[in-house]
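Since the structure comes first, as structure tokens, the remarks are kept for the end.
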């Protein structure tokens, strides 16, 4: 939660963490966007997430599902599939999580990606069609998948997967970009691509100065804060992929 | 919680986080000071906070209320107002939270300060009289308000509000200073001023070397650890304000 | 939890935090090792820990008990003593916690070590015999105690105790080393010694560049990531102590 909040503040968003059933719906209604992160949930948090989704749905607030460890653990797999019916505006996970969420594979052991990113494309496409939303598969290359568009984003740094919270923070940045795009009438697909490009570009900058995963984390937050759109565009390769 | 604990350790305090109903009262009785932080509470944590306040009251332990997001969310607003009757020795919040806690305004959207710090002075004075305690309004300038004294503290750095936990850590440092002052017979008002001066001076030092909010956080903890009273006094402007 | 996860990732482990009763047993069964950390538990987390221990026991997964603040707080003292019957493969605590867990002393005020490390040796020996496991007492020198072997490890840095999570992270590293040793048929005693040596050596390296506890933390994670076995062996003094 700490790095997620810091990353959101670094890019100019105003994060608030709220997971109590009694406050979630109210909060989701006044927020610009909502992130539902399925990591380490308690009973109350499951109920809080359901309330937040309801609040977001009623208020028309865009929301993002991050299906952490879905596939590896039964309860959160059931929960994540249940809330798919409420049509998240975006889903962000690693290949194993996306495959398991779509019901097409067995998933990994926790949060590691054991499935290949490219192999998860059919699962992402199925989820995108089902939810009418955007599905992002995170990995060495990221794939952003909508019903009629697939975009490949190449960026990032090998230290990123061994810094805790970079994946969760990417989910949160996806929500922030989606909220900002919603207000400005920018397409959700482009917002999700931009979130991944900003995150990965910051990783490339941080990787230049980091002496290990410990110093990578603050350098990454600094880069998220300092990067200009022009610098991001220079660093990241964004490529439209022919959609099957 | 992590940065709060690190900040307390950096200034020589011995933090322990405890939010379970069954342990809170015992812990509050042996602690030198207690911080009640209303951020993201679960049902159990509400009960744990009530128990801690009771334990602190019976034992005569000074305690601090940090009314996080009070005004923005109904349940914690009700809770914070309910516990006002137990007379916290100090309250620390931003202008919106202080105004909402006093029942004089509508509050902001989460933890952002939407009300002006100076405009919150009447609310702070009202709360100080009601609780016979010290009320601190955090902002670009901090105002420390007691029934018959108002002190303005100018310090800090523009990066501080975009590093998560700096506000919560200030609440915790207020509790640490209050506990130390209580033992030494130093006035609570002066202890709260000192906590804000130390925190803000460390922000000024950190701001000199930080390349963004990511590197600001560890530099700030380093500065809290390294600063001498003399150096703090050089950096910070403390001014008595004529009390209305 | 954040620094614990980062430290595990830095040494090549794959951490997953899971504390819900409904998921803990399943997770413990597929994990290589389990850490039971008694810090700030909720009711659900107590139940989650019991389930994890059961899952680990059935699957033969090594597990570590970190008796945080045992002795200072009654409920977690009762809990930690209750689960001793399930024979943790390793226990890691400071002198006060080990003495209190063995029922031989009153413990400290929270997580500070008020008992002398060497004075806790009889308590550690008693626990090692009772559980047929390894008991580590953390302090300026660490003592690793099995029924018939006592090893003294000298390493670390004075800033370590004032960085939150270094103790908890050491518990987690103990679990990681124990899991890796279990698979390779290496003695549990040696695994626990290695975990303490790696942790302390990284502290020595971090202490060279740190300007305070804030910059110590990322430097320590970097060092855990970068250190070679040869470099650890150069930095740390490991000594067999005649077992009484």
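The chains carry the letters A, B and C, assigned in the order they are written, with residues numbered from 1 in each.
Note that contacts are C-beta pairs under 8 Å (C-beta built on N, C-alpha and C of every residue); 3 or more make two chains touch, one makes a residue touch a chain.
Not measured: the values here are computed from a predicted model.
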### Summary
By label, the chains that touch chain B as well as chain C are A
### Task
Quick one: superpose chain A on chain B by CA and send over the rotation angle as a multiple of 5°.
120
### Message
Using mean CA coordinates as chain centres, what's the gap between chain A and chain C in Å?
### Response
33
### Summary
Residue ranges of chain B touching at least 2 other chains are 2, 42, 217-218
### Query
Once bound in the complex, which stretches of chain B touch chain C?
2, 5-6, 9-10, 14-20, 22-23, 26-27, 30, 42, 44, 217-226
### Touching residues (chain side chain C, partner chain B) in the complex
2-3, 39-43, 69, 72-76, 109-112, 161-165, 210-215, 217-218
